[in-house]
Structure formats: structure tokens, C-alpha cells
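Next come two complexes built around chain A: one with chain B, the other with chain C.
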Partner chain A sequence: MVNTDTRSDRPARRGTPIPGTSSARGVPNLATRSQEHINDNPLMPPIVDGKAVFDLDSGKYLKLWQGPQHPGITGNMSLELVVCGDEIVECKTHVGYLHRGFEKLMERRSYIQCFPIVCRIAVPEPDFNEYLFAATVEEIQGIEVPERAQWIRTLNLEMARLASFFMWMGGMAGAFGLGTQGQWTVTMRDYILDRFEELTGGRIYHMYMIPGGVRGDFPEGFTDRLRETIDTCEKTLQDVERTLFNNAVFKKRAKGLGVIHPDIVDQFGIVGPNARAAGFARDVRKDHPYLVYDQLDFEVVTHTDSDAYARAWVRLQEMYQSMDLIRQILDRMPAEGPFFTKLPNVLHWNVKPGHIYKKAECTRGEYGYYLNSDGSDKPRRIYVRGPSYTHAVSLMEHLSIGCNIADTAGLMVSLHTYPPEVER
Partner chain B sequence: MSDQHTQTQISSAEVHEVFADLHTRYGVRGLEEKRADQAFVRTDRDEAVAVLTHLRDRHGYTHLAFLTAVDQIEEGRFELLYMLHNYELRHDLGVIVEIPREGDGCSMDTIHRMWPAAATYQRELREMFGIDFPGSPRLHEDFALEGWHDLPPMRKEFDTREYSERTYYARPGRTKTDTRQHMKDTIYPSEAETW
Partner chain C sequence: MSLKDLVTPFSVWKRALEKPYTNRKPLDSRPGADRYRGFHINDVDKCIGCGTCESICQNEAIDLVPVEGRKTKHGDSGLRPKVDYGRCCWCALCVDICPTGSLGMSNEYVWVDSDPEVFRYVPGHDEKPWNACEKGYRRAEGYDLLEPKRVEMPMLDFSESQKSFVEMVQGYSKEQAMEEADRCIECGICIATCPAHMDVPAYIDAIRRDDLADGLRTVYEANPLPASCGRVCSHACEHVCAMKHKGEAISIRWLKRYIVDQIYANDYQQFLDAAAPENGRSVAIVGSGPGGLAAAYYLRLIGYAVTVYDANEAAGGMLRYGIPEYRLPYDQVDKDIEYIRSLGVTINQNVRIGADVSFQEIYDGNDAVFFSTGLSDPYALEIPGEDLRGVIPGLTILDEVTKGQKPDIGDSVVVVGGGNVAMDAARTSRRYGAEVTILYRRREVDMPADEEEIHESQGEGVTLITQAIPIRIEKGETRRLKLIWGKAEMVPDDRGGRPRPRLIEGSEEVIECDTIVPAIGQQADYKFLPEEIAGRLEFAKGMVTVNEFKQTGDTKIFAGGDIANRKRDAISAIANGHSAAKGIDIYLTNFAAGGRA
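Here is the complex of A and B:
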């Protein structure tokens, strides 16, 4: 068979720097391999300082909008692409289609009224918002959370991670035209949502981790049903692994796509699986153990290829890891105990003045809440640091140069971006 | 916490060492140690970019977690917060810079040359708070708001309620209940007496 894929001819990573592209003093070369590919081609516009220089009126280029409604877009955002032939020479991310002004709304509401708002900031995994909001308030106020509540919170976060990854896995397969795996993984996510419904009463928005603890204890027989669900999920995930990660289409298209050079990881603030696939063993759960992560056994998963395939592989391993963590939590958590600390009357609750930043490892990386309190019953400022903020905007704009139009969806999904946390 | 982590964690002495270095060089002040792995410092606007560069290049604070602003309207200033992170020492350092919130003074030097991702934060701050960052790429392009001509909405003087009453109208016959009063009156009047 004749190999028509030009990408596979090139080395696996770390292309040679292009002269004249490094910008400021001491700043490493920012060019991606796909940009080098453009620079090798005399028919394509020159790339200077990571940006294509071209004249849109020359008739050689076409402006193309991908989104805000498009199967290849994660959520509601759009990419304004300029293409030359079928390759992208410029990409601008447009957000704002989901802007509901959460941060502003919270400044006008008492703390307990903020609690049901925060989970709306990341739809597929709202629990990290709930946890971080509760944790910042607790830390400023000095509230001690009972031990059992901490284990339940950890369990809740790992279930959310698993559900979110299942949804992502389907999207990743779908972006390359493989619909079957998406059907399987979304079903698995639904089984986890059933457990969430039992535990919290809600399928998508749980509103469970209230400041002071959690809203309720396990229902009767919950742990056994959760174990069964995890077993089912593991079996299906093995099928997904066999059919997706050995699939010729997926391998051909995902390998070498969207390579994140290790040098740009800190410049673009890249975190989570995107950074781990580039070889950085960084995980908030390990580096700053929160809740009970210091009592659980797990290793940080890394890869070195840093392309879409490597990122998918890292996430696959983290799904197995998450299942393992859920089993560990169920085995080790205390069987009895309080799950809630009594709060003062929340309608008249003045939180102590001060400011604090708390972070947790969500599926996309470092998720953080900065709370600034002036001692009144409303927060002065809450800032939500979502990993998609840099992944979907500056990093996507950078990586997509030189990418094929057909691969845009795959590239975007491989960065795992959720638009609501960009615009908040 | 496992032993492995307590060993690699930054000590308070090391934080004070970094602070002393910044204080001598740039007059950085106001060290607030929040946790073993988190501290905040304050610096002047003119020194801020030098402080950030020094922290990134000499002290290993290579990760810009976020850049945001807090509106201190009573004191007539914005507090810009640059949250840096050192992966080696596992330490967060927030650098707070105070700038006036009105007039030409409401601007700050851009840091997009140090962290290309910072351009997005600066675009958002320009749109949401009206803070100018001269030289930052695509600064005046819309970010989350399209066709917005009112006050920058995250400023404290922008009243969301007044804006919505001015822009939209209520369904005829709509009634409102004040939650706090309702709880006091009907749900637990006995507890209300103690407030």
C-alpha cells in the first residue's frame, strides 16, 4: 500500500526550529510541526512569529466559519478559519454564545444563592465547581469538614471524572467519523448518571457538595450498585480500547495531529492530560493533595508523543485509574460518621474577609476558584480558572495553523475544551 | 499527607527568601502566607512586569495560572492579580498590583511576550473591566460580548438589575417575594427573633 500521509514521513516530535520565527529574547521557538510544513511549501503564506502573513483579498484564501452550531465543535463556540486549499492558515476562536455572566451574578448574591449557580459553569462535570466553591468558602471561614464527607466528595469527583471522560471518548471517536464507540460510551455515562441520580437527586447538576459537607449520605445498597456499574463500564472501556485505539482510521488521523511542543507548555499555561501527554508528570491530585487523595494509591500517567493519539491514550489510562480510585475509595472509606457540619443560618451568613485560591484536578487539568471576600454576606469577587480558557482560545489558535480542515474537529476535541468555563 | 510530599514542599523560610529578594530589588511588600503552598505579595505598577519576569526566570514561577482583577470601588482602584505557580517547589504565588480605576491611569503593561496565553486574559479584562493593555494583540476585538456599548459589565458601578429593568420588561401581573422576609414570616418565625 502506498503511504499517502505526508505526516508519517516526518520525525515523531521536536522538529528543528525555523530561522526567524523565535520572537522575544530567551523565548523558545513556538513553531509547530504543521507550521514548518507550511513554511516548506512555497504556495502557502509565510508564517512570522507564529502568525500567517497573507492578503485575504488576493482570492487565494477562503474565510470559513466552523460553528457555533457544528458537530465538530465542543459545545457552543465557533472558529473563524482562513483556509488556503484545505489547510488552515489562520484561526480565531469566538466565544460568548453561552455567556451568562456567572461571576457578575455571584457578586450580587449571598453565598448560599451562589451555590446552585456554580455548577452551571461546566456542564459535563459540574462537581468540580461545587467542590471548589465549597472548599474556598470553608477555608476562609475555617469550617472543618467531617472525614466521611471528604471521602464522599472524593468519590463524587472521581465519578464525575469518569462520566466526563466517557462523554469525551465518544466525541473523540465521532470527530474521526467513528460513531459506534460514541454510542457505547454515552450509554456508560448514562449508567454513571443513574448512580448520581440515586446519590444526589440530579443527573446533570447535582448541587450536592454544599459548604460544610455533602447534602446526604449513601442510599441503601448504593455501594454495591456502584461497584456493578464500574464493572460494566470497565468491560465496555476494554471494548472501546480494542476497537478505537487499534482502528486504522483513528491511528492514521490522530497520530501526529496537533503536536504540543514541550517548550510551549508553560507559555500557554497548558495543564492536565494535554501537558501530561507532552511528558510533564503534573497532577494537582499528587502535587497538592486535596480531600483524601494522599490516602489513595495512583500514579500520574504520562506520554511523550504529545499528539491527539497520545492525549487520547493518556485519558484512556486515566479512566482505568479513575475506576480503580472509585474501588479504593469504596474499600477504604469509613462506614459511619457525620457527613455534614452545621452551618450558621445561611440566609444571614457573613463570610470572614480574606482571599484564597483553591484548585483541583478536573478532567482537563487545573481547575481553580479564587474567592475574595470583604466580610459581607456576598462575595466581592469569585474568579473561575478553567483550563479551557487557554486550551480553546490561544492554544487552539496556535495549533490549528497548518492543520487540515477535516482534522479541525479532531484537534479541538483532543484538547478537551468546554466553552462555558471560557466565558463564565 | 505522605512523607514524600512534605519533603518536596516549599518551606516558609524559602518563601521568605524569595520575598526578601523581591523586596530588595523591587520594593515588593505585603507578604501574606495563606497556606504552606500559597502566598500573596503586592507590588507597584511600574515594577510589576519586572517582578513577574524575575519570578519566572530566576525563581521558577513559570506557570501563569490566571490573571484577573478585583474591583475595590470604595478605594477607587482595581487590584490586578497575577497568579503564578512554581512546579518544582509546588508553590502558588499571587502578585497583586493596584491601579487606579478611572481615567488614563486605568491601564497596565502587557505581559503577552512572556506568556502568549496572557493576551486572552488581557482582552477579557479590557472588555469586562475597561482596563487598557497597550500593545496587547487583538485587544479591542470582542471577546465574550458582541456589540456591547454599555459600561464594562464587571465594574461594580454597572448595575445588572437596573440594566435588565431598562432593557427588558416583566410579564404583566408578575409578583415578587423577598426570600429572606418570607422565611422570617412563615417558615421559622421563632428563629427569626434571635437575629
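Here is the complex of A and C:
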């Protein structure tokens, strides 16, 4: 087998690309560095139109299924890999392992009955579903949510972001065989889940942001405990930063892995930290502020290397940012006030007809809900835009070509793959 | 790659010196948070089995099931929620929506068993360690999916209402009715309690859909006098309404009125079922009160020729002659009656059975007879002085007013009694400018009159004296009469009934007044029945004994209304009339000569 690991020899790409431009040839350039590398290597099959051309019967290639369990990934999906030596020349993604048909289920349920369903669409980060479902219904119906509820919702979303990133961070480290940081971060996530538990009554599925507001105010002493938790988390995160981001193993394996060329960001519809690590300062919280984000101070984090390491770094910074936002929210939110506004009787609530798309910045980027109401008591159609659909299916197929099979898990995690939100 | 990158990772070892945060064995039990959504708990005595938890559950994890030792009764289906933890998603919407607040969740979450069947249980009924758990999820203060307050009904205020006979309750507007209809949770607890078993959730739903024609159809399925009932029904439904456990009951009666008020009488026929062609059989009905009219309507609908005989000038019975116009305007009684008449029911007014036409005659001339003659003889106070001028029974006053006569009541009136007739007599007297006092022998809570009638009569300036027993009536010095009454104390009833009033010896008070109005109830008068027929009927405590189809001892004679049920209200009479119509049809089709059988 040829030694194909030449990634670390290459200089990291620097410089901010201009969004929306295509390559000099005038046609979209889908090539990434790993594909260029394959094209340069005579032992590897040629790449035509972004796909490897090879003869499986030649005996030179091996078909290999990976998954559906992957380290650091919540939920299941499979990769059908064709490898040449230990390098991937073709990857087909297979989903369908946890298809529960939520979008369809919701067409058969009243609006209030959709509320306990939506959180299950992205298991580690249910809150964005809750928020967006509530927000679409509220906007179509013309319901004003009380100010305090808006702050609580924002807090909730940032807590969810932090919890989700902690789990991701553990997965990222684990995918490269660094288990220790995973143990720390999963513990930190659990501390945040403790706070969720006392606020909402549930650890994983909070079912808290109901249309009209939230289901309860803070319990006694909650803010102090939350601040303590955030302090603990911050201290641990610094340890993680020191031992993971200054770690020879992590650096060696993550740098140069899965480089997303800025040109393909818009072609694939790549969002969130994956796009920000490619230099795109795009963040729904900043670009289209919702809830109270326009009253909070934060800067969009970007990087230009666009590899697994850069993406991890962006997420690390966003975790610090999230902690900062939580503290800002606790400082600035109104001390009291209503947290719920009266809804029509939810048992026979005919939501006004209309359609609407609302979006929010989840940990993977723009998360969106499209709601189409025909004026009946059930949604005519709810479409959930989960960023993992782009990142984990089409982008993964693209990026994995030329990737070492040992790095597949690392690549998947670096794209922050959540199969549950692929299959709604 | 730098040396730093090789060395720094070893700093993880510094944490070896820190206190571990993992659990030690044996595992400490870790209770759920105070709000934790754990296993369900239910206060089964508070629960009414309305099934709203079942309706909201998107997983169909809740079933309402019969439980041992709990019977169906008014306001309680007798069922209790059974939770299936193979389906439950722990969203707690059932807790949020529970109108009685009986359902909650404990913060317990550990339950290990090898038998999957046990994870279906009836919380609160089945013995579980967490049944008494104080902690766990409850609906938070400030968050409520249901509206506990009813939409306020526009009413004349008391200063206006006591001046005239203008209808006091003005009725809901469309917006108000729809808002009020939206509060309904469609549990149907009311249906079981309504004597006529009206499909209340269905017609409230019609209001929400703004399909009032459909609402009217639903209403007429069980009640052909909705314009009247929408105003004066004793609304047992509202007393058992699940929302009453949370706040105020749905305004069921006034929502029914809303439907009827929006549709012109002339439009009824395009929305309601037409009467079947005559089937060659005839039924005579004695009395045109709600019982008689209901029987007439349902019999005519299925093809019987119906003739109603009534002693009064106009039909309606107590609806017209016993209820004052400010509660039930005559044109509304007419609206109901005219529709029934339009189906081909003949109503003969001013015909007193037993005097103008003999009962035997209609008995012989028809295939069946239904009589619902009501209670017409007022009970006497049975105290000395009752025969003095100025002692006028409540019903007489109401009757005179309906006939357009000004009752001779003078400037001050004392009404004796605590029922609706007493309230009506008092408030009618107020409208003629008299000072009115009501004497009632028990406590205010014991008064049989509707709550709102008591409240409104007081609002209109009627003085209420409770625990007062009339002793004798004498000629007055400054006024026409004086009433001597004594104070009563309440003593427990030996037979377990409500406490009874007992005169406190020696207590004696005097009220001077122009008129004394006894309104302590009335009894039936069966003198119109020929002896031979009366001999075949059974009577008990002044009431005719009937079976479930209101059939009397004479298979051809059916009876209903106040003479045949203890509730003695319009809706029970209507229900009786409806049952009798069914009974007559079953009897004539299957058992009488010339029937199908």
C-alpha cells in the first residue's frame, strides 16, 4: 500500500474567501484537497465529476460497511465504503435506521400534540425544535410571547447549545482515541442536564417551550446554581482546550482532515460551524436575530482552515461564547413577569391558515421549521430543515473520498452529524 | 508539531488529585428534581374521569377504565385514567390539561420489573410507593392551557332590571359565544347529567364552527323547546361541568340560547327534519307544558296525528304562566311552540279536560294518551289567618301578570318560600314597585331556587330573611296584614337528610305588609281523571307511577312532567315527553291492536 497520509505536509489554507464566488474556471469547483490528492496519485482511481471511477472486480478495491453505530454520533446511519488499501474511494451514506416519520405524524395530530413530538427530532438538542415549532405556530396565529419567556427561551437554547457541544466535544476526542476528554465533557453535559431537569422536569426531552411561552418559571435558587454550573463547565473546558487543542495526536489527525473548500459551502448549503470554519461569518443569531439575541453582545467566530481542527476550534470558541451569553442573559433578563400567554383552547385549536418558515442557529447551523396551516386543527405540513441532512449525507459522501478509513469517524463527528434530524 | 503538543496532554493527570464526581458503589439513590416528570399520581377522589387527559395524549397512552368500587354518578364518569408506560412519552400534557387538577407526576423514576404487563396501571387507584409523593411535576402557577373564567354575559344592571319586565340576560354576541364555546373541553360529563341527555359538546362545537344550523339540529334531537330552555333551564349540566372544578362552568344554557337566537323561526324548517307523513294513528296530549309539547313534537315527527288539549288561553304551561317575562319573554315561548305547531300538531286552547271534554272521550278517541298536567294547586302555609284578603299564592300573581292584569299587591310584600316560584313572585312584585321580603325557613344554602335567581333578587333589592318560620297572619295596623314569624334553629336530620329547621320557642317577630305570598310548592290535581281510569293508575306521594317509557298502569296512558318526576323542572318534563313519545311508538307499533306485531 502506498503511503497516502500526506495531509499534514500541506499548508493550511489561509485567507477569507468571498462568499458566493465560484472558481476561476467559471464552473463550480467541487474538488477538495483530498480529491486533488487522489487525482495526483496514479495508484488511486480517477475522479470524474466528483466521483471515483473504478472497477470493483479488479480485486484492487474492497467494499466495506461502516456503522450504523459511530463513536460520538447520536443515532444511527451507515456508510457503504469502497476502499483502496485504507483509503476511501467511494462513500455512500445510508439512512433509514431511525426513521420515525415525525413530519407525517404531525399531520395527524393536533398542534398541542405535536409539541411533545418535535423534541425527538434532534435527540441531543431538542430545544431548537421546541422553540421553532412554538415560534412558527405563534407567528401564524399572531401570539405575542411575554418578554420574560423570550429571555428564558434564549437561555434555554444556549444551555442546549452548550450541552450539545459538550457531548460533541467528547465525541470528537473519542473519535481520535482520546477518551479522557470525552469523560470530562459528558460529565459537564450531565451537570447542565441537572439544571434542565430542575427547570423543565426532564433531562433529555425538556418539552418546555410550549406555544405561548414556557411551562414554568425558574425554581428557587436556579440562577445561582446555573452560574455555578457554568463556572464548573468553563474550568473543565479550559482543561479540555489545553489537553485537546495542544495535543499532538489530535493535531496530527484533525488538521487537514475533511477540508471544506469555501467554494462548495453555498453549493452544498453548508451552515453553522462547518461554514464558519471555512471563513463565512454567518450566524442566524447575528444575521436574522430572533428572541433576544439582538440585546446580547457576541461576535461570530470564524476560522479559515476549514478542516476538522478548525471546526473543532470554532466550536470550542462558541462554547465559551455560549457560557458568556448565559451569563449575559442571567444579568439582563427581567427579574419577573409573566412567562406564558393565554392560548386558544388547545384541545380544538384551529391555527390560522398560512405558511411560514422560521429559523434559528443550532449547534450545526441554521435549523428551520416550515409550517403550512390550512386553518384546521392539525398542521397541513411541517417541514424540518436539519443541517445534518446536508452535512451528514451529501457532504459526507463528498468529503470522505480520499480519507483514511481510520479517520472516517473523526470526519463524521467533525461535521457534527445528528442522524435523527436527517430522518424526520 | 511542537514539544508542547506532546507534553501538554499529560496535564490531565492533575485531575487525579481532584475529588472524583462519579458515584461510588453501592449507588446513592438520586431523587428526581422537584419538578421531575416521573410516574403519574392521581387523586382519584378529586378526579371525575372526564377523560381530557386521554384526549390530549398524543401517544394514546391513557385509557379511561372502570375501577373497582367506583360508580358512575352525576359529574363523575366513574372511570379513571390508566397509563401505559409502553406508550407514555412523559410530556405531562395530561397534567397540564387536567381540569380538576387531580393528575400529577411524582419525581420517582425507578421501577424495575420483569413482567411488562405491570407497566400499565391506574395511578392513585393501584397501590404504588409514589402515590403519596409530594414532589414531581405539577402545572405551574401562571401557566394554564384552559380558561377558568367564563365570558361575562351582558345583563341589565339591577337598577334598570327592577323597573321593567325587559329580559335581563341580553345574550351573547357572536364573538362572545365563540369565545365561550372555545372553553369547552368536550368531555361530555354534562350529557349524562342532562335529563334530556342533550349532546352539549356537539352543539357547542357547532358554535365554534359557526355552523348554527347544525347546532340547531343537534339541539332539536333532544329538546324541542330550546328558546325557552336556553333561558330558564335549571342547567344541571353546568353544575357537573368539568370546567367548574377549575373555575366557572361553561355557559351551556346561554350557548344553547345563542344558537336559537341567531336563527329566525321561519328558517327552522329548512334546517330541521320534516315530520313524517301521518301514519293513521292518533295520540291525545293533555297539557301544553314542556312535557306535553315535547311528546307532541317527537310523536308528530314520526308520523302520529297529535292533538294537545290545554286549559289556558295560550300554550306553554308553566313556561308561560309560571315564569316571568324578564326571564323568559313570551315571544320566545311562542317561537318554540309555533315551530311545533307548524309541523301539524293541533293545540286546542281553553279546553279543560274533565270539564269541557271528558278524559274518557279522548281516551276512547285516540290510540294513546299522554298527560302532563303539572302541579297547579299551591300548598297552603297551614297557619291561622291564611284566608285573609291579601294572601295571594305566588303562582296566582305570576299567572295574573302573564294575563296582563296588575296584581293587587300594594306597596309591601312578604314572600314565603325559597324556590324559583318564590323568587319569581318576589322579583315580579319588585317590578310593581313593592318593598319585598322573602322569608325562608332554612339557610340560604338550602334554598332550592337557582343560585343566580337568589343573587339577582337580592341585587334588585329584595330582603332575604332565612331561618324564619311563619306562625300566623293577622290584620295589620298600618298595612293590610301583619305576619308573625319565629326564628328557627337548624337541627341535624335523624334520617341523614339536610338539617331541619326547628322553631326557637318564644321567638316572635312581626312584619307588616300589604300582601303575603305563599310560594312553598304545589301539588297535582288529578280530578279530571275518571274514577275507573284513575283506579288503574298507581300514585305515590302525589305522583303518577310510570315505567322508563313513562307508561302508567293503563298501557294506553302515558304521563310525564312534574307529576311524574321529582326534579320538577322544564328539562325533565321535556325528557319525559321524549321518552313517552318513544314509549308510545314502541307500544303502538308492537303491542297494541293493529300494530305491526
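In the analysis below, the second predicted complex is superposed on the first by the 400 of 424 C-alpha atoms of A that agree within 3 Å, B and C clash if a C-alpha of one lies under 4 Å from a C-alpha of the other, contacts with A are read in each partner's own complex, and residues count from 1 in each chain.
The definition used in the following text is that a residue touches a chain if its C-beta (ideal position, glycine included) is under 8 Å from a C-beta of that chain, and two chains touch if they have at least 3 such contacts.
All figures in this text were calculated on a predicted structure; none of them were measured in a lab.
*Asks:* Touching A:Y370, do we find chain B (first), chain C (second), both, or neither?
*Replies:* Only chain B is touched by A:Y370; chain C is not.
*Asks:* If you stack the two complexes on chain A, which partner ends up touching A:L43: first (chain B), second (chain C), both, or neither?
*Replies:* Touch partners of A:L43: none, neither chain B nor chain C.
*Asks:* Mind working out whether A:D239 is in touch with chain B, chain C, both or neither, as first, second, both or neither?
*Replies:* second
*Asks:* Now for A:G269: first (chain B), second (chain C), both, or neither, which partner does it touch?
*Replies:* first
*Asks:* What is the contact status of A:P219 with respect to chain B (first) and chain C (second): first, second, both, or neither?
*Replies:* second
*Asks:* With the two structures laid over each other on chain A, which partner does A:N345 touch: chain B (first), chain C (second), both, or neither?
*Replies:* both
*Asks:* Can A:A335 be said to touch chain B (first), chain C (second), both, or neither?
*Replies:* neither
*Asks:* With the touch criterion stated at the top, can you tell me which chain A residues are shared between the chain B interface and the chain C interface?
*Replies:* Shared contact residues on chain A: 345, 347-348.
*Asks:* Once bound in the complex, which stretches of chain A touch chain B?
*Replies:* For this pair, the touching residues of chain A are 23-24, 26-27, 30, 50, 95-96, 99, 101, 103-105, 107-108, 266-269, 271, 280, 282, 287-289, 294, 345, 347-348, 355-357, 359, 366, 368, 370, 372, 380-381, 383, 385, 389-390, 393-395, 398, 422-423.
*Asks:* Write out the stretch or stretches of chain C touching chain A in their complex.
*Replies:* Listed in rising order, the residues are 1, 4-6, 8-9, 11-12, 15, 21, 32-37, 52, 55-59, 89-93, 96-97, 105, 137, 140, 142-147, 182-186, 205, 208.
*Asks:* Touching residues of chain B toward chain A in the complex: what are they?
*Replies:* 1-2, 5, 34, 37-38, 40, 57, 62-66, 68, 70-71, 81, 83, 87, 90, 92, 94, 113, 115-117, 119-121, 142-146, 153-154, 156, 158, 160-161, 179-180, 183, 191, 195
*Asks:* How about chain A: which of its residues touch chain C in the complex?
*Replies:* My answer: residues 109, 112-117, 180-181, 184, 187, 194, 197-202, 205, 207, 213-217, 219, 239, 242-244, 246-249, 251-252, 338-340, 342-348.
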